[in-house]
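You will see two complexes here that share chain A, one where it goes with chain B and one where it goes with chain C.
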Partner chain A sequence: MKICLMGLGSVGQGVARVFQMKRDEIKQEYGLDLDLVAALDRSGAAINPEGLDLKLLLETKKLTGKVSKYPEYGEEGVSGLEVLDRVEYDCLIEVTPTNIEDGEPALSHILKAMGDGKDVVTSNKGPLALKFSELARTARDNGVKFKYEASVGGAMPIINFAHETLSGCKIESIYGILNGTTNYILSRMAKEGSSYEQTLNEAQEMGIAETDPTQDVEGEDAACKVVILANSILKMDVTYADVEVKGISQITPESISLAKKEGYLIKLIGEVSPDSLEVSPRLVKEGSPFAVEGTLNVATLKTDLADEVTVVGKGAGSIETASAILSDVISIWKTK
Partner chain B sequence: MKICLMGLGSVGQGVARVFQMKRDEIKQEYGLDLDLVAALDRSGAAINPEGLDLKLLLETKKLTGKVSKYPEYGEEGVSGLEVLDRVEYDCLIEVTPTNIEDGEPALSHILKAMGDGKDVVTSNKGPLALKFSELARTARDNGVKFKYEASVGGAMPIINFAHETLSGCKIESIYGILNGTTNYILSRMAKEGSSYEQTLNEAQEMGIAETDPTQDVEGEDAACKVVILANSILKMDVTYADVEVKGISQITPESISLAKKEGYLIKLIGEVSPDSLEVSPRLVKEGSPFAVEGTLNVATLKTDLADEVTVVGKGAGSIETASAILSDVISIWKTK
Partner chain C sequence: MRLKLVLELLDVPGQLLDALNPIGRLGANIVAVIHQRDVKTERGTVPVQITIEGDKDTLNEVLNLLEETGIEIIEVDGILRKEKITTILVGNIVDQDLKDTVNLLNKIEGVMVADLDLKMSEHPEKSASRIVIEAQQGRKKEVLTKIKDIGNLKGFLVINEV
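For the complex of A and B:
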């Protein structure tokens, strides 16, 4: 399977590392040969139809920050669409940075790959939150596979879980902690009694929150995930604008300690149901599955036959997210 | 898809009910026509190559307790193996009562079906705990699918979850509450301060524990599940005799309240790792995912790439278990 990797940030490098770690194992277990034939970042691309050397790729990126410096096969300034035109490949892994304004450049990459009859795996929430139905239709029309487990919950499985593992059930609603950064901040505030600003600063120093934390703390990231779950699992037809969103920046240590006295915690909850698409801080009971700490994500799926099923897992992390991408790639391979 | 259903107890009736409820939906969503061509219980069988009427089947069973009384197509005293020889079918659903002495009659049913080139779905722990490697080999040699999600955890997904949803990861160990009856008893004892005997009686009256509760309370049921998980997910080659088993009948209200004072609960835990196959009462922290109450099951899978992933779901129930069987049937259909 020839793979084209667009994006070589934290997730993209995780994908390269995971490929490196698991190549032999996957070849042995599934008969699947993973060949990375192209990798792209802001600087340009490295393209080798015979397959790139993963160790060299990761070292080049680490030392120079630029994939275009890859010895012999690196090219400066080449665009994603150009790469997709020039290289022969089977599957696009699209992990460029999320853009929830217009979904670009990921949206164009994905639509072009599908139009060319290629399968697509992505962790990129932008295109999914803005153009889900167009993407699903384009995949169907071109007879290609489109998988995006890593876009929601990192290493907490939910999309394939609902579609495959729970295929005998209808999912009626989903309720979950879908953002690890805010869960980390709220858990620390509850534990330390510290203020929102102070805890955010700490999270930024630890690399858990980004320099511009807006997408996380204002609930935008969780809202994107609500849209993806609503479209893909509840088969609704909604977009980002349909979600009511409230973040955590107004939460005070006082409100947290008040809740605590009554046996509750405050968590940023995403709710997905035919009647409600919402992200907002809510009370959850101490001792419930929703009382998870740190950057963990959790989701409860209400089903018609199996009652409630809950999954808990790491919401982020380079290798963790890459593992979800790898599971998607294997799943495509298994249904070939 | 022509289906042969062996066993018409709680799970078997659940399967018939779920087929009845979801037939049209599944036909529409997956293009899968579910036709029950034979059903068997202790009394005999009902066989109709054109498909049995599910409503009539469930009514007959409810009114007479005997599938052999099914109008026109019922037959007294016919054996399972005879049915499998006489009827044309694609998939056997084997849900006769679990027998952990010799796995019969399920073992013979399953091996015959596989030998005849038929796919098999089962919830029956007996054959899996005793003869896993023989069953896996026979399925492979005959090129048939063999699925058994419902054998562990009822509606808590774990086997397909590990094989499919987490296919990019290697599962290194599993740690879980794998028996709902004992979890119900221990949760009630912790809440009410009641004795083991008293709580067991109450559970029996509610139909949560069986008249002979040995399989549950002595840990045998959980041990069967440990064997199934070890073989199927950790790819070990073990059998029931390899599990160290200790049940809950020696647990006193005093030990529970002592644990509680320190912030712990006592739960019957199954551990599956290359170094240890064990079922025993252990302390778990209040507020951890393992502090679940009632008949819930929970399992944490330690993976190489995604760290720990946890699932929580109903461990038993007629419809719930049948939903896992239906998911297996759909999964077989999807890979045809």
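For the complex of A and C:
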């Protein structure tokens, strides 16, 4: 399988690393040859129809920060759409940074690949949160596979889990902690009694929160995931603007200690149900499935037959997220 | 007719007698009393099952009198009567007239503020209040939405239960 990897940030590098680690195993187990024929970042691309050397790719990126410096096959300034036109590939892995204004450049990449009859795997929430129905329709019209397990909950299985493992059930609602950064901050505040600002600084120093933490702490990231779950699992037709969003920046140590007194914790919860799409700080019982700490994600799916099913897993991390992408690639391969 | 009640009593001597006395006085028959002191609610009170018999008016009088004397009726014929809803508000609670906030909540039909805890912050706009509301069974969703509206009106962050 010839693969084009768009984006070589934390997730993209994780994908390259996971391919490197698992290549032989996957070949043996599934007869699948993972051939990375192109990799792109802001600087340009590395393209080799015979397959790129993953070790060299990762080293080049680490040393120079630019994939275009890849020996011999590196090209500066070449655009994503151009590469998709020039390169022969079977599957696009789109992992450029999430943009929730217009979903670009990922949206154009994905639509182009689908239009050209290529399968697409992505972790990119922007296009999914803004144009879900268009993407699903384009994939269907072109007869290609479109998988996005990594876009929600990182390594926590939820989308394929609902579609496949719970395929006989109707999913009525989903409640979950869908953002690891805010869960880390709220867990630390509850434990240490520290202020929001202080804890955010600590999380930034540890690399858990980004320098501009807005997407996480204002609930935007979780809201994107709510949209994805609503569309893909509850079969609703909604977009980012339909979600009521409140973040955690107003949470105070006082409110956390009041909650604790009554046996509650405060968590940023995403709610997906036919009559409510919401991201907001909520009270959850200590000892309940939602009382997870650190950067963990959790989701409870309410179903008609199986009652409640809860999944927990690492919501972020380079290798963890790449694991979900790899699963999607393998599952596409299995249908061939 | 018969009614099966579950009352919630404090675990102190004389409580059961205080609850049973008015029943007999009003002319209702006590058919059964199940009182297990070792089974307790999370608040440490003892649930007591009582089956009483009488005509409809008498039984209603009994329910009213029990409530008036401050005895908590948790269940009538297997149906929970009230549920507790906890919510936390963050914002300038005092400046935004706490009494008015409570009044607005109490005005919601079938709702009563049962407990209120206030925690002041150095920055008044970051004060927090935990409010426990008792609402008629089955109205939780509606009550939560109304609480959110009141929060929006007064500029509070509302942290509701899941």
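Definition applied: the second predicted complex is superposed on the first by the 336 of 336 C-alpha atoms of A that agree within 3 Å, B and C clash if a C-alpha of one lies under 4 Å from a C-alpha of the other, contacts with A are read in each partner's own complex, and residues count from 1 in each chain.
One rule holds for everything that comes next: contacts are C-beta pairs under 8 Å (C-beta built on N, C-alpha and C of every residue); 3 or more make two chains touch, one makes a residue touch a chain.
These numbers come from a predicted model, not from an experiment.
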item: Fit-or-clash call for chain B and chain C when the two complexes are aligned on chain A; value: fit
item: Touched partner set for A:P97, first chain B, second chain C, both or neither; value: neither
item: Residue contacts with chain A in the superposition, chain B compared against chain C; value: B
item: Chain B versus chain C as contact partner of A:P49, first or second or both or neither; value: neither
item: Chain B versus chain C as contact partner of A:V284, first or second or both or neither; value: second
item: Contacts of A:G9 with chain B and chain C, given as first, second, both or neither; value: neither
item: Which of chain B and chain C A:T252 touches, first, second, both or neither; value: second
item: Partner chain in contact with A:P157 - chain B first, chain C second, else both or neither; value: first
item: CA minimum distance (chain B, chain C), superposed complexes, angstrom; value: 7
item: Those residues of chain A which chain B touches in one complex and chain C touches in the other; value: none
item: Residues on chain A engaged by chain C in the complex (per definition of touch); value: 175, 246, 250-252, 254-255, 257-259, 261-262, 264, 266, 269, 271, 280-284, 290
item: Chain C residues within the chain A interface of the complex; value: 86-88, 90-91, 117, 119-121, 126-130, 132, 157-162
item: Contacting residues of chain B [partner chain A, same complex]; value: 18, 21-22, 25, 30, 149, 155-157, 160-161, 164-170, 286-287, 289, 291-292, 303, 305-314, 317, 319-320, 322-331, 334-335
